[in-house]
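Chain IDs A, B and C follow the sequence of writing; residue 1 opens each chain.
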Amino acid sequence: MERKPLALTVLDILSALSLLIATYLALFYAPTEAVMGAVQRVFYFHVATAWVGLLGFLAAGFAGVMYLVRHDLKWDVIEGAAVEISLVFFFIAIALGSIWARPVWNTWWTWDPRLTTAAITELVYLAYFMLRQGIEEVERRARFGAVYTLVGAVSAPVTFMAIRLFRTIHPVLFGASSEVAKGEFSLAPGMRVAFFFALFAFTILFVDLFWHRIRLGRLAARVDQARLQAG
Amino acid sequence: MKPRAPFLQSVWAILWKDLAAELRSRELFSGMFIFALLVIVIFNFAMELDVATRRSVTAGVLWTTFFFAGTIGLSRSMAMEKDRGSLDGLLLAPVDRAAIYFGKMLGNLLFMLLVEALILPLYSFLYNQNLFNGGLFLVILLGSLGYAAVGTLLASMSIQARTRDLLLPILLFPVLLPLVIGAVKASGGYLSGAAREEILPFLNLLLTYDVIFLSISYMLFDSVIEE
Amino acid sequence: MIEVQRLMKRFGPKVVLRGLDFSAHAGEFVALLGPNGAGKTTFLRILASLSRPTAGVVRIGGYALPQEAAAVRRTLGVVSHQTLLYGDLTAEENLLFYARLYGIEHAGQRVKEVLELVGLERRRADLVRTFSRGMQQRLSIGRALLHDPQVLLFDEPYTGLDQDASAILDQILRTVAAQGRTILLTSHDLARAEDLATRFDVLSRGRIVASAGREALHHSGLLAFYRQALEAA
């Protein structure tokens, strides 16, 4: 595993390229939305990054289960990588969501159930890292990480439903029934291209980053092992 | 020779042991109770409210108090096992690990209910609000159950980490959110005499949370205490 | 009674036990010696079913670990340097608690017997936190004997005991050994084990490197044997 695999390099190039294309599509190709104006373009990246966050979330949950079943530390590396990526991308998605919300609804935070659940999940991720940091022993750290990942994974959908229920009682935005207020708008064909391509580009980016991060994790584990043997 | 001690007997033995020990030392209970009392008093001064507004935040204040005081009980309950190595003692016995979970969980639940049972009349007394409400009691039971269910699992992990006391609330509160929403809204509903249909969805939420997290905690407990 | 083959235990990248072989017949009293960090406690924890082996075969009383752990637990009694007792309960309550966990019938009667065996009958109603270290250790042994285990594991039981307490512990060990149980005792203190054990094994760097019966040591002496074993490893 010393040399970086060719496939990964290809993937790097592919990600960079598709990101460029996606940016062009989002910023120039897609028509400007009538009501919200230019800021609506944020939407393409907002959804795409949230999508990556979700992919990471699911991957982490899966890796957690696999570790508890197999007790193979490689799943622990995968899980940590997935959580990291999800953490970063959910954060970007939330930030973009705020940037979008401010000019459109005159508020930074809309308490939208999906975004709020993402924010809570960020807290779960941070707790996850704090938990791992507080445990020296490798096997136990992996085990606890997996357990907490599963607890977090199960709580996310429940949290989403709870917030949605809460929100039906407390709508934040006036005229929340209007389409614009809910952030809905119909996608013109040009927009559709930009939207789906953004999803595609970011999915490739996800795989690319995931692969890189897993490699990094494995290399770090090998360094630890070498250090132990030398010392 | 039966391979395992009977399940219920083990659960009861562990529960009894926690109760008996606590009766003697009263460490857990007094810690939780005094903390809860302080929180309530602080709330009073931190938010100087007129009577009507205060009534509307009662549910929130109560539950915030319970959740924070609860972490003290959870931590100490599990720390008691770890520090003297008695967790090993439990693991050495031919006892189903799930029995250990339920024994500890029920102990934690009981202590929480005890503290709540004392705080409620105290709050009523201090703020002249009648909290004697069957619906409220139900919500407190369901909410505390969910709390104890997840809390016992997470506390077993946090006490094995270096940063133990700091870690438990950080681990617990993000995943507790649905319970918070359900408990506060349902309690508030009962206290303000809201219509049944308004309260029911939140009760439902509480029940769902309890079932889900009780199951998942009991299944994952093994992985946390066994090496 | 105890059979261990090619036992390996690793914690992440760190390997603590590497291919350890060990066996003990019924009635043997084995003293397990070795420097700190050799893996004695890890080995004992695996035998006690508190830790899972990474690889290898472990059988106690015919039952395999970790698959038949519950059956193994019935056959085992463990005394470690931690007391495993609850300070806020009385001696009697502590034993009753464990008796319930082991599903022992006529628990009250059995608890009484055990208290007499370890000489704590008179302090039965006293809180364990008022006990001296020596008394706590004695009660801990009582706890380990409640379910009449065929195998006893002692991990550094003399830690923190003064002369008198150690002497009492010696006596209890002698009694217990005479009852035909299989005993494995770890100690980094050679003097303690000398009189009691029938066999001496040395554990170094994750493996048993030497083993000698009592009679074989008459000439060379225990210390010499131990030093030699460590050097050869």
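Rule of thumb we're sticking to: a residue touches a chain if its C-beta (ideal position, glycine included) is under 8 Å from a C-beta of that chain, and two chains touch if they have at least 3 such contacts.
Note that the coordinates shown come from a computational prediction; the quantities given were computed from them, not determined experimentally.
Peer 1: I'd like the most central chain, judged by C-alpha centroids against the all-protein C-alpha centroid.
Peer 2: B
Peer 1: Which chain lies the greatest distance away from subunit A when centres are computed from Cα atoms alone?
Peer 2: C
Peer 1: Compute the distance, rounded to whole Å, between the mean C-alpha positions of subunit B and subunit C.
Peer 2: Each chain reduced to its C-alpha mean, subunit B and subunit C end up 38 Å apart.
Peer 1: Where the centres are mean C-alpha positions, what is the separation of subunit A from subunit C, in Å?
Peer 2: 51
Peer 1: Taking the mean of the CA coordinates per chain, how far is subunit A from subunit B in Å?
Peer 2: Each chain reduced to its C-alpha mean, subunit A and subunit B end up 32 Å apart.
Peer 1: What residues in subunit B touch two or more of the other chains?
Peer 2: 227, in rising order.
Peer 1: Out of subunit A, which residues touch more than one other chain, so two or more?
Peer 2: 139
Peer 1: For a test of understanding, state which residues of subunit C touch subunit A in their complex under the given definition.
Peer 2: For subunit C paired with subunit A, touching residues are 11-14.
Peer 1: Using the touch definition from the top, list the residues of subunit A that touch subunit B in their complex.
Peer 2: Residue positions touching the partner: 68, 120-121, 123-124, 126-127, 130-131, 133-136, 139-140, 143-144, 146-148, 150-152, 154-155, 158-159, 161-163, 165-166, 169.
Peer 1: Taking the complex as given, what residues does subunit B use to touch subunit C?
Peer 2: 1-6, 9-10, 12-14, 16-17, 20-22, 24-25, 80, 84-86, 88-95, 226-227
Peer 1: Can you check the complex and tell me which residues of subunit B touch subunit A?
Peer 2: Residues of subunit B touching subunit A: 150, 153-154, 157-158, 160-164, 167, 170-171, 173-175, 177-178, 181-182, 185, 201-202, 205, 208-209, 212-213, 216-217, 220, 223-224, 227.
Peer 1: For a test of understanding, state which residues of subunit A touch subunit C in their complex under the given definition.
Peer 2: 73, 137-139, 142, 221, 224-225, 228-229
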